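Every chain is named by a letter (A, B, C, D and E) in the order it is written, and numbering of its residues begins at 1.
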Amino acid sequence: MSADFLYGIEVVINGLMAGVLYALVALGFVLIFKASGIFNYAQGVMALFAALTLVGIMEGQVPFSHLINAIFGTDLHYFGWTVPALLAIAVTVVIMIFFAWAVQKFVFRHLVGQEPIILFMATIGLAFFLEGVGDLMWGSDIRTIGLGLPQGGSLWIEEATASLGGDDFYGFFLDKLDILATAVAAVLVAALVAFSQYTKQGRAMRAVADDHQAALSVGISLDFIWILVWSIAGFVALVAGVLWGVKSGVQFSLSLIALKALPVLMLGGFTSIPGAIVGGLIIGVGEKLFEYLVGPLVGGATENWFAYVLALIFLVFRPQGLFGEKIIERV
Amino acid sequence: MLYREAGDFKTSYAADSQTFPIAFDRYRYWAVLAVAFLVVPFFVNDYWANAILVPFLIYAIAAIGLNILTGYCGQVSLGTGGFMAVGAFACYKLMTAFPDVSIVIHLILSGVITAAVGAAFGLPSLRIKGFYLAVATLAAQFFLVWLFNRVPWFYNYSASGQINAPERTVFGVPVTGPNTEAWAQYLICLVFVTVCAIIARNLTRGTQGRTWMSIRDMDIAAEIIGVNPLKAKLTAFAVSSFFVGIAGALFFAVYLGAVEVGEVFGIQKSFLVLFMIIIGGLGSIFGSFAGAAFLVILPVALKLVGVDLLGWPTDLVAHLQLVIIGALIMFFLIKEPHGLAQWWRVAKEKLRLWPFPY
Amino acid sequence: DLVIPDLSYRTGPYAAGGTPVSDGYQDYFNMLNARDGGVGGVPFRIVECETGYNTEKGVECYEATKGEGALIYQPLSTGITYQLIPKVTADNIPLHTMGYGRTSAANGEIFRNVFNYPANYWDAASVAVNYLLDENGGSLDGKTIALVYHNSAYGKEPIRTLEALSEMHGFDFTQIAVDHPGQEQKSQWLQIRRERPDYVLMWGWGVMNQVAVQEAANIGFPMENFIGNWWSGAEHDVTPAGMAADGYKSLNMNRVGDLAVFDDIKTLVHDAGNAAGDGSNLGSVLYTRGMYAAMLAAEAVAKAQEIHGVAEITPAMMRDGMEALEITEERMAELGMAGVGPAFSVSCADHGGSGLGIVQQWDAAAGNWVALTDYIAPDDSVTGPLIAEDSAAFAAENGIEPGCS
Amino acid sequence: MKDTVDSYVTADGRTIGGVMMEMRNITLRFGGVKAISDISFDIREGEIRAIIGPNGAGKSSMLNVISGFYHPQEGEVWFRGAKRPTMKPYQVAQQGIARTFQNIALFEGMTVLDNVMTGRLNKMKVGMFGQAIWKGAAEREEVENREAVERVIDFLEIQAIRKTPVGRLPYGLKKRVELARALAAEPKLLLLDEPMAGMNVEEKEDMSRFILDVNDEFGTTIALIEHDMGVVMDLSDRVVVMDYGRKIGDGTPDEVRNNQDVIDAYLGVSHD
Amino acid sequence: MLDSGEQSVETLLEVNNIEVIYNHVILVLKGVSLTVPKGGITALLGGNGAGKTTTLKAISNLLHSERGEVTKGSIEYRGEPVADSSPSELVKKGVIQVMEGRHCFEHLTIEENLMTGAYTRRDGGAAADLEMVYNYFPRLKERRKSQAGYTSGGEQQMCAIGRALMSRPETILLDEPSMGLAPQLVEEIFGIVKNLNEKEGVSFLLAEQNTNVALRFAHHGYILESGRVVMEGPAAELRENPDVKEFYLGMSDEGRKSFRDVRSYRRRKRWLS
């Protein structure tokens, strides 16, 4: 096989893997949208916040130390202990559940029945708020996640495949982290699909998204459903934050991964959990292949916009995304 | 009480559909205009012009533009930054290609060019709706920014891809370039804002506005009663982009003077303008102003309080600023989802009923 | 007072880079205040203003501070620099953009108020190539060099220089753009893995640096053949990748190491509770750079006082001081900063300094940067004409009459 | 099928003209669901034509076919003597067909006045530039149309709520505003989908009066769907009865009332 | 459960002189009081905009999301004030509302819609009740797999009512159940109401425009005009009241008059003059 062709395949495979990482972020969006019709812009910031919290706890950092020092003139930084990873993860999950509760109690409970765009705005406000709180709590340095997750190309795969092509082919490159991410994503998606399709809470969640008022009137507690869903989304955010954070260090830019998830969402459909995965894969492959084949002709750095354009092309044919719920238009 | 409509009878339908049906409102409107045109220019200094007034006025134009699209026609767009960039680069190309033509014409032409681009990117709106459309407009945002960054023709092949506004004058007074004085900057923006606001008001109070609003409120029903949805949406995209383009051109030529496209017209800009119209009030010209004022002034005010008054470290203040702005946005939405404009309306309604509570 | 605005960014996507620079910048002035009572008996007053690396906030900061008699601006952002060039020219306040900003501003006959000594991007590109020439026994013929760059004005700066250099030295030059913010660089690094260039240069900033270093390690690119510019060579750029980053190289315009002046800063500023940050950045690459910038400003103040014979100088006098600035090895040693930068002098025609830079390498085990070379000179024959051409274009567009008056 | 050429005079002296609209063998399917199967009927100039039938019979779907929102898989629509090509709904509206909706479809964000004004959109000709300037042509046109709208508003007695946003109105008034919007278009054919739903007798009487007056004064042809048999039997000239997408009866109210199929499928006990 | 037939005097729901304001400025209910006895069917009648829907929403605490609030008066269910209970708590207590205008969950199938009605139930009897609802409304069974958004208006109305039944409520607030239903279905629905009331002791408060039917099935009636109760009494009495007869039942002295003959100007309601 020619090296070029094999490289094309390599690009596709890596595109699939990148797509999985996008999908991980998109999953959080889908959950919340499905359950409340809220387009949660804060999902990216939640990923950042969760990852920051995890690192902060593991390293035994004093939360809000900068603020406290500034007000009281103290000099606090670290407690002087470190926390084992599993415990830290558990604590972080608890914090994310608390966050879900607070979001519901102080914000979205008061916005029941509002138009989607208002809810969307509120999540942008929330994103600001959380970003500020995250910075105040843990500082704005770049942090390293010490979970010891595997990283780097898998030598085994590389060596096993090196002989496929000619001299110009060096074997397939597959990042161990990506392989891990794929496994995690598969488990998450399976669990979430089962939850939303086959449980009572899942059904209630979809009912709430359709009509807040009616959901209230049949006795569905919006509070409960929303806290539940935001908690799950918080957990998904933690997973996404950790996996992305391993690549780049935990830092502000993590919050921007939301922008990579949006075309995925759009293509897969805002309401479909499997759609998030399939959308992620298509976007991942599409943008990588485009960059590989066309990028050199137009100067590269096409991925950001091409992902959106690709999604847009799909949407023109299926306005609700590949797996999204059909938009009901009746009079 | 001054604020009464009793005795303020309308004798013609024309009088009834005027912008400020209540006499007191009308006087206030003229008073504001008079102060803005006749008083402020004499007092404005560099700080006020550059930190507050000029950005406020320019953002108000952009907000009016987006409000037409989102507030009146119901098409949420996150491509505002990209369209502003179109205006800016159109203006730059025009300014450098035709140095002898008046800058005012360039500014208007920038709007026209942006309108065409906006209409083109509005085409998918016929099929794609709601948040799907919002996200789809990001395609415009990212693509346009990439394009302006990528194609050297747009920035006249300068080494870094930055564009700089050369000096241009109106009636012999420089309004762009380094030698522009604060009052001239302010006045040209003010003139554009005023004209844009009047045009926007005229368009939205009549047939065109009703066409847009019918699409916004229920597009299927609108189509069945005879609105051509494609035409309605495309005109909204075009008119909206026209304003946004002018705002972008002013932003570049008059306010910043130099622009790096990714930094100035990035996605943050799109969000910022969207904030403005939502905080200010969707479907309200006044709201566009209120929202722009709020989001231009608030950070400055918070900074003044935090850094200058309390003497806290700047980074702490910046973080707190995020927390406070975020919290305020949520607070406002909870208190009044329809924005500052609605607040104002309710306040007036109460005032009218005063002293009776209902 | 000598008013020094500090347009810092301790928030936003680039906070990790902005914070140490600002810490170093402020700490140095504070140290001078504590130790010498400022310069020429007049203390410095620092007015910090947070820009968040955002152009509009930069403008707001500029307008808010200039009224206080600001002597010099150091905006630390290419975007803000472009904004401020016309403004400072009109207001006659000097602007110092050290190793960033508009490269052609080195031509002081056209950019009267803008200074970008001691070095600029085009110098950096040339220094990197000269270093590689040296490594390869004077010839790069047949080698390939790839440039991984941030797809923005900043990232595109070195392209022309590198193109010229590739023609001159016969190496193949490929450009690989990374879109902002640069979190996802799979395509780019797969391309590098396919094409196996001999060397990779990087013009990155923010998260792009960390991801690039990690991805380079992932594909097993030899780290010693990967050279970042001086904005891609701080500690936080390499630490997230851990041991994998060992051997990564970068340029620097200021040498890092234990400088004598750190003692003064520690005792007089940090221990006195006056540190601009939490004090943890002392001695880091960017901290040192901030401090170096402050030192150059303080020296220019002294020069201005000397020229004009007054202690309370104005921004216009400051400009004169900067234009007459002369930094020698002796002076740096005297200041407790021996060898922190190259010796250079400024003139009206040349606001760009000598353009020298070093190459440093990351030692992951020790957790510090090790200088590999002494100051390497750029090839002025390449950068000179480019500067002349670009600044002439600017002059023409803006109707500026070149000259020194 | 009835003779389509002759006009006739009703008991109360109105003249019903020739065929205005004719549905020929319409079949409409949604996936597996056959909402309308092979239905033909006509509507004559000036008459009040009722469509009745049990829930889900396909009545609303039929109106949607007439107004161009649904496109039937089979069958033809003839309007004023010509076969109508496949059209977009707004083009149908421009031909002079206006309607109201079963689930009220008002523009909730606008006032009553604006809602009714939207009915006249197709009568407004001033272009965008004219409107941007406002003074002159646009203002004149606005005032002219406003006068026409005010007449409709007066006619339907909704003057008092002119400036109220429709979102705040109770259900019954919304229905009336919807009617006003349809009337403002001065349609030749007016389609009403359950205009009396959710009204008490008093309000139904009002509504009946409006419908009759519209028919009388403007000669507007009306097709209406209604479940209140009293109203249907009293107002309409001819009635089509549908059940499960099929036509099971067509004729004068009396004929329909005594049709055994209709009684079985819909009326149940006889109503009067 | 209560014995059928016997009219209990125990009040289940009591509304005391409530005032409701929308948007801080629009006063809609100006002091409405009513009681719903246990095991009774109470009808709430009145013209458009009288405030029937608002009253029901005030009871079930659904006003909040419409920016309305109860500013005066109190509402008690089984002697406990309901102001602080969330709608879902109320459903758990046994009060469920069928909202005006259907409000089905568009994207859920008919069957899923019905199942959401059983959300608060813990007893596992949902499956049996589903069959019961399908028995009441065979049409729903036919359309069980369709998304509610694509069903006809009447089908949606059935779905909304069926959904409420699925929660096995003690009290049902029915807002215009007959709207948009074919005549024989209206009879059937009221038959169901009567059936539930008599066999299961379910209490009803129903807002209805179809006065004729409502008064035939109800035990007690209230007439609301412009936010005030203007008349109340046992249904049988109301049915005989001449004003009610004329304005709500459409009967004149000569019996039912044709809708064609109402063009003349009518008398004003006596209680408003």
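Note that a contact is a pair of C-beta atoms (placed from the backbone, for glycine too) under 8 Å apart; a residue touches a chain by one contact, two chains touch by 3 or more.
As the structure is a computational prediction, the values presented were derived from the model and not from experiment.
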Chains touching both subunit D and subunit E, listed by label: A, B
Which of A-D and B-D has more C-beta pairs touching across its chains: B-D
Inter-chain centre distance, subunit A versus subunit B - centres from mean C-alpha coordinates, in Å: 32
Euclidean distance of C-alpha centroids - subunit C vs subunit E, Å: 75
Inter-centroid spacing, subunit E versus subunit B (mean Cα positions, whole Å): 47
Approximate Å spacing (C-alpha centroids) for the pair subunit B, subunit C: 37
Residues of subunit A engaged with two or more neighbouring chains: 66, 114, 135, 140, 299, 301-302, 304, 330-331
Residues of subunit B engaged with two or more neighbouring chains: 146, 220-221, 224, 313, 315, 319, 322
Two or more partner chains touched - positions in subunit C: 10-11, 15, 19, 151, 179-180
Each pair of chains that touches, named by its two labels: A-B, A-C, A-D, A-E, B-C, B-D, B-E, D-E
Of subunit A, residues touching subunit E in the complex: 112-114, 200, 203-204, 206-207, 209-224, 271, 325-326, 328, 330
Subunit B-facing residues of subunit C, complex: 8, 10-11, 15, 19, 48-50, 52, 54-57, 59-60, 62-64, 66-67, 78-79, 82-83, 85-87, 89-90, 102-104, 151-154, 156-157, 160, 179-180, 386, 390, 393-394, 397-399
Footprint of subunit B on subunit A - complex, ascending: 39, 66-67, 70, 106-107, 110-111, 114-118, 120-122, 124-133, 135-136, 140, 259, 262-263, 265-266, 270, 298-299, 301-302, 304-305, 308-309, 311-312, 315-316, 319-321, 327, 329-331
Subunit E contact footprint on subunit B (complex, rising order): 346, 349-350, 353, 358
Residue numbers on subunit C that touch subunit A, as the complex places them: 10-13, 15-16, 19, 151, 175-181, 183-184, 186-188, 190-191, 193-194, 206-207, 210-211, 214, 217-220, 236, 239-240, 242, 244, 273, 278
